[in-house]
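Labels for the chains are A, B and C, by order of writing; each one numbers its residues from 1.
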């Protein structure tokens, strides 16, 4: 493989990995504070993409505005999902919230089919993002450079909020012990809402960038990336933001690089994630950076 | 003193560390057949940790546990129970969705010889065994005074009755060594009196050796023949109830240095 | 006193079975194909619901891998009831691998084999996976189900890849389906009502206490998981013959979701709940098709809304989990005692 090919694959892997990482962060944050696997997160990703599409075609918003509006609306949608489907089950057995999240996931997918129709739609992409630039022998879309950079910026912003602000402190407290946090005066419901909001914003950003990269919108577009990103989060250590990022990047690299070096495995690409899942669950279920939670006897 | 062979249980230099925290250090006890022993100490002293090590829920970081001559260190809980050690829990752990009778029958399950295959094929041997287990379970419920509640759901019982049910369930496993974790917790003085008599009775009736963790000093001093005292994982005293009662270290552990100084 | 009660139940059960047989005989001759298909689906769904209920409702194992075991059962059965000649014609991507290309067996054996293969996979998958708790178990089983699906897509010499099988002999008529349904019901009832079943429930209620009472929880979980997988395989096998075509796309997570929905709606830990919900939900799913098909009322044409069916379905699940998470029956069962009790009340009162 030539160097230029390698560079191309590398950048593609970085892009894909970043997209997975952004989604994985949302899963890991919600699991960290609520011990809940938010099955509906993949659909939030999907909504982010669709709202931009709507903004541009229906409301005739300029592109950047549509993106901003979509992120805001999708964050709000994420918060609403928690409010309606998870909050009432805070004191129920955990499995109930899990089943609820599965229900929301299917509901949103099919709701999208009803509203947006199941026909895949082409996304109109801004010129400047998709004009191919040539650097030596490497042919790139500017998008391939924008995604990792933008993702990196977003992740930094998130880490800033989590580690350097009061609400972020609240999040970390709740993830350690929700009852004590409540007793210490942390506005638990508000912090949880913020967590869902931020996670959803990142997922929306990822959805938008995904739609630009693979310009087809489908109501079920969130299912497979969502599940893979979840596996990435588990692999990196569910509950750990850094773990989610690492897991996402590793998965992205595996998918692109393995197929690049062994094209015959292309049909099994979707299975790599599951192989990662099996490996981590067998050898270190808490993930690369995860902590063990003991049962009190 | 009896040799290792005669002892029901012996722990040798047993230590439990969780990361940097030493929960129990150098725990050495010798348990003789047929007697009632007590393990006391302030909260967090490591008493339940000792129970968990003996019953196989934790594997000691150091040391060994020998039961009737067999090294049981690190054996999983179900194997320990098979060998004849049964326990109750500090926070009652009943099978809340099952009936009172079913709870005790589940205790008797490990002694069943027939398997799920037999149940499936409707074999007479299976029926016979289930009937016998049911009988035994009802007899145990009678012994703890819960026979009339047999078909009620376990979590509908009042607290004191739940504790007795837990003991009945443990007895259904046909143990020779019984560990009771705070059996008198939450009981009023009369219930406590009945419990003390009950424990002495079952010791006779079922040929048991008993080790109990307890905070209620009436119970401890009343029925225990030999007591160990733990504080911060260290055995600070051992002996008969009289010796323990007047031991300054014990008083200090429970009530603090100031009490001893000003007493 | 026990013996009299047992004899009464035995008689009542036989009568009920007889009534069911009469009903099925009548239905076969008098109902149209569509309604018979619904009856068939009801039987299969009950089998699937019971198998998942054993694993999740009674043993407490949150397994999301049911679709995978159904797939194994379906493909195994199909490979056995398709004739070698049919297979030769059908495997156009690549010729079928030996022995799959030549194996052939009667329907009873094929369905049983489907269940057995699924149970075997259940055992193999369960060994590493059942050590995990709660959520992790769900994700791991879901992962395995997806892997099975991906394998089905990528092993054309065994499964004909994405094309799947067509023209599978439609042996699964009402008698086979309800016969297997009866077998499933019998096995699960006997298991659950025995002390072995009590031990499973103990594991569900409090695994730590169960261990302390001498129950080898891992072994019991494995047995329960394997038996549940067996019947999932049986359900898949019957489905293959009922629908006469199968392909990997049939075994997506939504299939597991449907079965989960039935179990939750009926009540986790209630056999009668699974039966009742199996009937209701199957009918509901079919009835909801009308929402997706266009209707003409007078001169008004109301176009169908694709996807609406699942919207209603998922909303129903959400309603159940938010407002009545114990489902129809909770953990209770309908026994002859309860049925006769109703009659006694009616007769005695008023």
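Quick note on the criterion: contacts are C-beta pairs under 8 Å (C-beta built on N, C-alpha and C of every residue); 3 or more make two chains touch, one makes a residue touch a chain.
Bear in mind that the values here come from a model prediction, so they are computed numbers and not experimental data.
Asker: Using C-alpha centroids, which chain lies at the maximum separation from subunit C?
Answerer: Chain centre farthest from subunit C's centre: B.
Asker: Of the chains shown, whose Cα centre falls closest to the middle of all protein Cα atoms?
Answerer: Chain closest to the assembly's C-alpha mean: C.
Asker: Quick one: report the Å distance separating subunit B from subunit C, using the average Cα coordinate of each chain.
Answerer: 43
Asker: Could you grab the centroid distance between subunit A and subunit B? Build each centroid from C-alpha atoms only and quote it in angstrom.
Answerer: The separation of the two C-alpha centroids amounts to 49 Å.
Asker: For subunit A and subunit C, let me know how many angstrom lie between their CA-based centres, rounded off.
Answerer: 33
Asker: On subunit B, where are the residues touching two or more other chains?
Answerer: 57, 89
Asker: Among the residues of subunit A, which are close enough to touch at least two other chains?
Answerer: Each of 297 in subunit A touches at least two other chains.
Asker: In subunit C, which residues are in touch with two or more of the other chains?
Answerer: Touching at least two other chains: 208.
Asker: For subunit A, which residues count as touching subunit C in their complex?
Answerer: So the residues of subunit A touching subunit C come out as 35, 37, 85, 88-89, 92, 94-96, 98-100, 102-104, 106-107, 109-111, 113-114, 117-118, 219, 227, 230-231, 234, 267-268, 270-271, 274-275, 277-278, 281-282, 285, 295, 297.
Asker: Where on subunit C is subunit A touching in the complex?
Answerer: Within the complex, subunit C touches subunit A at residues 62, 128-129, 132, 134-136, 138-140, 143-144, 146-147, 150-151, 153-154, 208, 254, 257, 260, 264, 305-311, 313-315, 317-318, 321-322, 325.
Asker: Contact residues on subunit C for subunit B in the complex?
Answerer: 187, 190-191, 194-199, 201-202, 204-206, 208-217, 223, 269, 331
Asker: Flag every residue of subunit B that touches subunit C in the complex, lowest number first.
Answerer: Residue positions touching the partner: 55, 57, 76-78, 81-82, 86-87, 89, 93-98, 102, 105-110, 112, 115-116, 119-120, 122, 126, 130, 133, 169-170, 172-173.
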